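Structures incoming, each one as structure tokens.
In what follows, chain A forms one complex with chain B and a second complex with chain C.
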Partner chain A sequence: MASTKNIKLSFLSVFILTLVGWLVFGTLSSAVSPAPAAAEETQGIALGAVQDDYVGSETCRGCHESQFDKVAMTKHGKLGDLASWKGKVVGCESCHGPGKAHVEGGGDKTKIKILANLDPKAVSETCLACHAGKENHNNFRRGDHWRNNVGCTDCHSAHGTSFAPQRAGSIVQIGPAAAQRSNQADRAMLKNSEPQLCMTCHTEVKAQFSKPFRHKVLEGTMNCSDCHNPHGGFEQKQTKLAVGADASCIKCHSQMQGPFVFEHAPLQLEGCSACHTPHGSSNAKMLKRSTVRQLCLECHTNIFNVELDPNLPAGPHTQTSIRTQNCTVCHSQIHGSHSSRFFFR
Partner chain B sequence: MNNTLSDLIDCRLIRRFGLLMILTVPVIAGAQEMVSPADSSPINAQPSKIEDDKKETKKLADNFKFVFEIGGQFVDVNGERPTKYEEFGRIREGLAVRRFRIASNPANAPSFFRAIGRSAGEIDQQYFVDFGSYGKFRTTFQYDGSPHLFSEGAKTLFTGENGILTIDDSIQTALQGTPVPALPAAVQSLYSSTSASTISLRTRRHTLSFDQKVQLTDSWSLRFNWTRNQRTGNAPLGIGSYERVGTPIGDTFRVFSLELPQPIDYVTDQVTLGTSYITRNWGISFDYIYSNFKNDNPTLTFDNPFRITDLQATTGSGNFDRQKFARGIISGAPGNTAQSVTVSAFVDLPHNTRAAAALGWTVGRQDEQFAPYTLNSAIVTGVPAGVNVTSTDSLPEQSLDAETDIFTQEYVIASRPWKSWAFNARFRRFDNEVKTEPILFPGYAAYGESYWRSNIAGVLIENDPKSFARSNVITEAAWEINKVFRLKLEYGWEGWERHHRQAERTNEHSFSTQLTIKPTAQFTSRVNYKYSDRTPEFYDPGVLEYSGLRMFDQSARKRQDLDWQWQWAIRPQIGLSGTAGYLDDDYDENFFGLVKYTQWYGTVDLMYMPKDNMTLYANYARENYKNSMQTIAKNAVPWDLNNRWNRDERDVLDNFGIGITAYAMKEKLFLDLNYVYSNAKTRTITANPGTPAANTVLSATAFPFPDVKSRLQEFDSDVSYQFGDRWGLGVRYKYQPYSLDDFAVNGLSPYPINALPAEQEGSRFLLLDSRYSSHKAHLLTVYLSIK
Partner chain C sequence: MNIIISQTPQLETLRALCVRHTTLFFLAAATCIFAGSSLGQTPTPSPGSDDRYTVKASTEIGGRWVDVYGNENKFRSDLNYKNGFRVFDSSILIEDNGDASDFKVFDSALIMASGWGSDPSGFVRANMERTGLYRFDATVRRSTYFNFLNNHAIGNDKRNLHNADRRRNFGDLDLILLPENRNIRFRFGYSYNFADGAGSTSTRISRGDVFPVYLDVNSSAQDLRLGADGSFLGFNMSGTYGRRLFRDRTHFSITSGDVGDVPTNANVIFSQDRRDPVNGETNFGIFSVQRTFAERFDFTAKIIHSATETSGRLQEYVLYRHPTNNQIIRDEYNVPWDATRPQTRADVGMTWRITDKFRLSNTFTYDGFNINGGNLYTLTPFPGNPTRQFSYAVTRYRRYTNLLEGDYQFNDRVGVNLGWRYTHRQVRLEHLFDQNIAVPSAAVVPDEEENSTNTIIAGTRFKPMKNWSIFADIEAGKADNVFTRLANYEFLNYRIRSRTHFDKFSINASFISKDNDNPGQLEPATGAPAVAPAFITEVRSRIFSSSIDWNPIDKISLSGGYDYHWLTSEVSVLIPLGAPTGLTPGLSQYFVRDNYFFIDAHVRPIKNVTLFGSYRWNKDQGYGDRPIPALTSNLILGGYPTDFKTPEFRATIRLSKYIDWNIGYQYYDYQENPVQNIVYGIPFQNYSAHMPYTSVRIYLGKGSIDR
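Let's look at the complex of A and B:
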């Protein structure tokens, strides 16, 4: 990649110039134009108000006691205890905006910010006012969920969940024991345990995890978020990357990482999913095809003696013989070999 | 073979972890006193109220809640090869701790603690401890033990440890002297004798992690993670080659096939250090990751059961008498290290716009010692002067000394300047630069390590550093036309640059559109359509592949991808949703290889809540995959186009699930029933477009392959009753039948020497039979829970 450095520098330069240009343009134009509607909608109420407009959560409790009690058990409800939040707006009004007008209006719903009435992007902007940049949340605005109008409160409950995984409402078999598996613990104020929550929308995945060979997600050993980043990521399907920017598979299957003397190119370039289906498969090793040879032959179509009349003497790759149905019986180091160009050993 | 070692390691880990858990409770309870004042504030920030409510704070330790569950288990399994029911979990009979949970999350205090365990003391056990103080720190420990059972009760003639598998010399001597027709009986006799031992092919994965997050200031946070992933045990490993035998109509091949119980001892340590400084409008993060993979068995040396003395393939052209070595050696996964640095940043710009960038640089290294060319000391023909094929001293290098640099960069601008418009532009580049120097080997031990070969069709034995780079540009505009319609348009480009592959450069342009319709609050429908066109700038099949072959991952391709998702809340109690998709890949039919790939799927999911305490659910999914290939048999040059065939493979998969979760009797009785059915069928169709050459081993006559079928059903039920506030009693029953009908393996009994015609299949098998075929498993558990 002799020219890669120049390419990198070029793109970096273009990006910086674009950034500077945008800043200059934005600063100039914002001086003559009103703030965009979206920004006002998401930021203006909470941050633009003066201190006198706030009434405090105890006032909210007067009418919304059940919500108050629920929030009090969450990290949101405990912000007031934290030194770092002293002097800041906490409690109900930190998300819903100042409540004075709402209270004085006799509970006028038009004078308080009701997140349920906002579009998902506006809801997300409200949450990101505090959570942006917390670890991977700063990816959210470039992620598939944001781009497809899935907001924070579609998965998280800012009020805290009445998380009772044993209760009716599950869309997969759980059982009391399964409910307490570590991956089903109530965390991150999710509305439901992780696999169930994700499968609410990604319904096709539920069937994949019911196949004979699968990763143990429903069984509780793995989570969707072990491989995917729900808040956005670099890769397709928002998959996470392991060290070395390899596929997240390498995190557990490190023996495939190499580098090997003789690399199997598809693994290196296209990744594990060139041959495997990560969620689940009817095929052993979670292969894409039910027979190993089919998978291999899609690239290696013209190897010696692949297919022969069974009445004739057999060649080394005959497909009518049980001994050569699975290429990996002999090419056992198919993920890469330290000593054999043909992955024999 | 490493059971003892793995058990020791496991016990050590568990003991440490258990001790840690026991110690953690009082420590954290004490820590609570330090990190949290004796009183704290409520969710209201008014100062006077804060002072009042501080007095109401309760200690973390005063709020612990416990759940402990113990149960007895009964198992009945039968079937041809029943180990699959325990493939990823140990199911043993007897008394067992099913789970426990200790948690505290007092109101009006920022601290929290919870410890969760499942199947304590079992092979597949899990522990999770999480504690901290909101806004200050969070500490998490996790341990997960996970088995992988390949087969149980297999017989083997091998013994050994530390990567060396041996067979008694007397057995090798006897089998070497046994005439080929008598080998099947001889091997079977050995398996019936005390020479064979029983082995479980099982690996165990232990994952232990420690995660620490600290919020130093409002904006500044630190994070640290250490994860150890250890895998120990034995896994089946195949090795095979062929003996070449002359017949009146041409040479044929006998198989030599071994399945070895490969000892596995992998450890991966990964440490992550990260920090972020985040403000409302901008932020920057830095992460450093170090990963170290270690394989304690970098090579596997094994005895050839059928040879006690080495022999070189010397007959005829040198292709005969293969696999006649006394010992073989296999290289395992090489140990490696990787270090990665990532910097990411974002800044909010005017017009509701955010720009973000992420740059990453990774250096991966691998310097594992090479194995010798072979252990067959009889190989002399063609070996260059001065080269001792059994000594690592004769290798041109002692190790690969590999270095791979990966540079990733991504730039994103996401903007929503107007309420109804959103834009997104991304550029990403992934540079994988292999800096490893190529090594030219003088040759290698080919044909089952029995013959020296200095080249392959004129190509020297040299590794090819496969550097590559992938670039992506995506631009997207989304328009909220009104409350009902939303339209998204996208253009994307993906470019590949590859070294030492057939197509050095490919470009793929794609256009996609998405229409979202939400006519009512109860119904949403989203349709995506994407068209993409990939073209290689140049394709070089190389000398080892047929010039008319195009590998589908680099060849010209036109793709159409359509998918549809919808959700319909028919009533508040009834939800219906579904997905459907169609993907069509067209390749150039003027070449050999994959010429067409089609897949479609449809799913429907129903959830019905007739009462607050009851949910019924059902789902059905059908997937259909079809791929068509054009294949040609390789014989003498020029290639004979008559000697080709077409091959279509179709996979049809059906999955169905239904279940109910319900509470009754004032939430004292809990019922959870679930049934899952998964069925798959593969049909292979072959046809000869021309008239293939007849009566030769190089013929390509089409063959009617049987279908491959598999079916898994699972019925799972769980009924429990809560006696008062503290005691609960439950019963779980699970039934799991599985069947696999695969002609490719149906004939493989552990030692298939009698099942096959010796002329074609040879007689030298030593298999472990480590596969799954069919079983029926019943599992009954009675458990008692205490809160």
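Let's look at the complex of A and C:
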């Protein structure tokens, strides 16, 4: 116990020291105090670019007023007012690059960066120039979406999205009807409600979420991002972790967190999806198999070893008994037990 | 006789009503308040507008009627809709269009709600933010969980033993201060998770019958998180400290005599009372760092350490008649226990953009934990002599994974990637079950497994046309396995996705194939010679899915799709046919042949009327027309046919600028054919349900203008 407390204290100390470090070295002070005048003068300049190449967003507004108005309502359009962004390129040219040549060319489209014409990875690099530092985005360059050329603007609209008016609700939330849901569309500048966006490509999960036993994603109670990090991660399937190092399932299914005195090995070693189908299933408890024994037999071929053990009475697993075809009838605490190594109690 | 489970305490019912009515009141009040402030406005989205606030709101309230024919418990296990009032999707968005110099509480505030009232699950989400100052996100969810099935966990007397009628309440509240700040951001979070209600599980006594045990479920978990993100010396850093408290006060009881699942023998439980209060605590810290060097080299590292502890004391009293000696016995169990799990995960990722087209990436992951658990088990029977046993179980797990990947983008149409994943894992199990605690124990011989795996990953994506993308991935190699089997999983997985989209038409299709082979070995019986490896599990899965979306004109939209899931699982087993036959080599087979079809259509024939129709049909043929083997056969058959379909129709009539009236009907039909039910004469759980509903949607503010 003492060692655990020491670990806790160590972590807390490191955390506090790090925080104090930031404060001492002036990071916070630069965050809350006005930027130096010299920095303000250089607003609109990107690293590696020449000051004169930038024309400012007001110039863009002259021709692109509707886009300007839309962006102005978003966080992207408000960064110029923030102290920590002084001296940085903000507004249209932060993504589209310096606009002077474009303006002088009479709106020459070849002289401005048009994201729609770029490879998705190049689009993402543009976004990551600012967004890479956030923990959730740190692994985008190693994620499945990156690998498969799904770029940021496939899901997000940098110009902001319109708040769609709602129409009558239904428990059926697949298809264009669902696109009308505000749900999460207004958050994170997503182009559409989150499940609808994800299912555009991940078509197979539509069927899974329509099964009798399912997580309530189509109903809006849950979102894909409750369990997955669409921006990539160190876990397979881009799943999230909960409560530090636990599987994302534990966030809600807290009674399975353990540790148990006797743990069913897959709980920690293989994860919940060794036995359960997380999206949806026709099977009770969202199990991968409708007959429980099949699920057990796929790992426990040697379960009947007890029959061979002369120290144990023969017969507990006879095929002719209904009870023994439903393993969890006796092994009722199958996730783990504090008192029975066979998960009986 | 089936177990009747119900939430008996009136307090629970009262609390549920309070929560429900408070939520509805909150929504109604919010709607009225914002309506008052918005009806007189002429909002425009332009930041140059004179109107300070833009309000867009709509709320839909109504009722649903449910009429079920057939197995109502299965209906509730599947859908759990009830008669009564409900809140459909409702939302309020308020945007402050004031200038930067104006005092603002928020730039935007959005509240969304759905599913409250007679629906089984509902949520309220609130997002409020002031750019540069804070962002607040809150999600409150409620879910009722009902489970009462006669083809899962049933005893010899055909009773279903594992049932549930529970309610869960979840909440997440997150506040970020200075969210857009480049230098530092602060995060605070709180989550809660409460579960209560009724249920049942099963218990065995003295190798005798199985008995249903009533559960009064009561558990909770609460998390508190605080952290900061920022940059220092060019590194983006993030630190989080979190603490979770968990408690479980679920009470297990049998209050009236039960003859168990074999009524013909002597085994009877007269009463049982079990309490196993659990107190748990997790402290965790997460630290991550990222930096991109010279716009070419990306470095990301993350370390997590968590320490989870649980402790408790099981106390159980059971009064029963022994199955063989006919004695009335009073057992008393007393088991103090505790368990800890310190865990550390460390990840390091590096991506080097060698050229604009070529990238190399390496990801290293370490995961290590120990589970240390122990108890002092005391069984005091009366009559009889006490049994005491000291037990401990130690699991030590270490896993190292390295993934090396290369990615080449030939042009904006074609790209490929190739990777290699290496995994090394060590698992050590150490168990002691010592019944003679007065004498020093013999040395424990730990069970150790160590294995390495290699996996090749390859993929490509290409765009034959500007609007057509094809993605293809393949993974082949070996994966870690549960150590009950003595070899690694061998697998070959690949998938192909196609996505085509035009202005008014899109078609998507995918095919996923998974082949998993899981070789095993029979552990020898005590003192018996080793048995050669002879067991294998073969799982073959194929999933085809497709969907089409078509919006030919503004007034019509169509969406449809078809999925086919084919799965066969075959396991070599020793089938216990019972004395005197004993164990016989055999095969356990399981089949899924699942078809899923859906179509949705939206039509607006006239200005004030919108029609919606949908149909979805899921038909799993399971084992198909294979003959059901006799119980004395060495073949086990699993996976049974199911068929469920649900058509829905809805009409929306615009009564005025502010009000829509909706009327709809949904039908749900479920049919099944489980092997177990056929063999043992257990009724199928077929049902059909009629669910008409009607509702009124009220639009307020700009929400009424936009539509």
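Annotations
FYI, the second predicted complex is superposed on the first by the 251 of 345 C-alpha atoms of A that agree within 3 Å, B and C clash if a C-alpha of one lies under 4 Å from a C-alpha of the other, contacts with A are read in each partner's own complex, and residues count from 1 in each chain.
Here, contacts are C-beta pairs under 8 Å (C-beta built on N, C-alpha and C of every residue); 3 or more make two chains touch, one makes a residue touch a chain.
Because the structure is a prediction, the values reported are computed rather than measured.
In the superposition on chain A, contact is made by A:Thr328 with both chain B and chain C. Contact with both chain B and chain C is seen for A:Ser84 once the two complexes are overlaid on the shared chain. By the touch criterion defined above, A:Cys92 lies against chain B but remains apart from chain C after alignment on the C-alpha atoms of chain A.
Once the two complexes are laid over each other on the shared chain, residue contacts for A:Gly56 go to chain B alone; chain C is not touched. Once chain A of one complex is fitted onto chain A of the other, the partner contacts of A:Met256 are limited to chain B, with no touch recorded for chain C.
In the superposition on chain A, A:Lys285 contacts chain C only, with no contact to chain B. In the superposition on chain A, A:Asn139 makes contact with both chain B and chain C. Counting contacts as defined above, chain A residues 1, 4, 7-8, 11-12, 15, 18-19, 22, 25, 27, 30, 72-73, 75, 78-79, 81-82, 84-85, 88, 119, 121, 132-135, 138-139, 141-142, 147-149, 166-172, 174-177, 181-182, 187, 201, 203-204, 206-207, 210-212, 216, 219-221, 234, 243-245, 251-252, 254-255, 257-263, 265-266, 268-270, 274, 282, 284, 289-291, 293-294, 297-299, 301-302, 304-305, 307-310, 313-316, 319-326, 328-330, 332-333, 338-339, 341, 344-345 meet chain B in one complex and chain C in the other.
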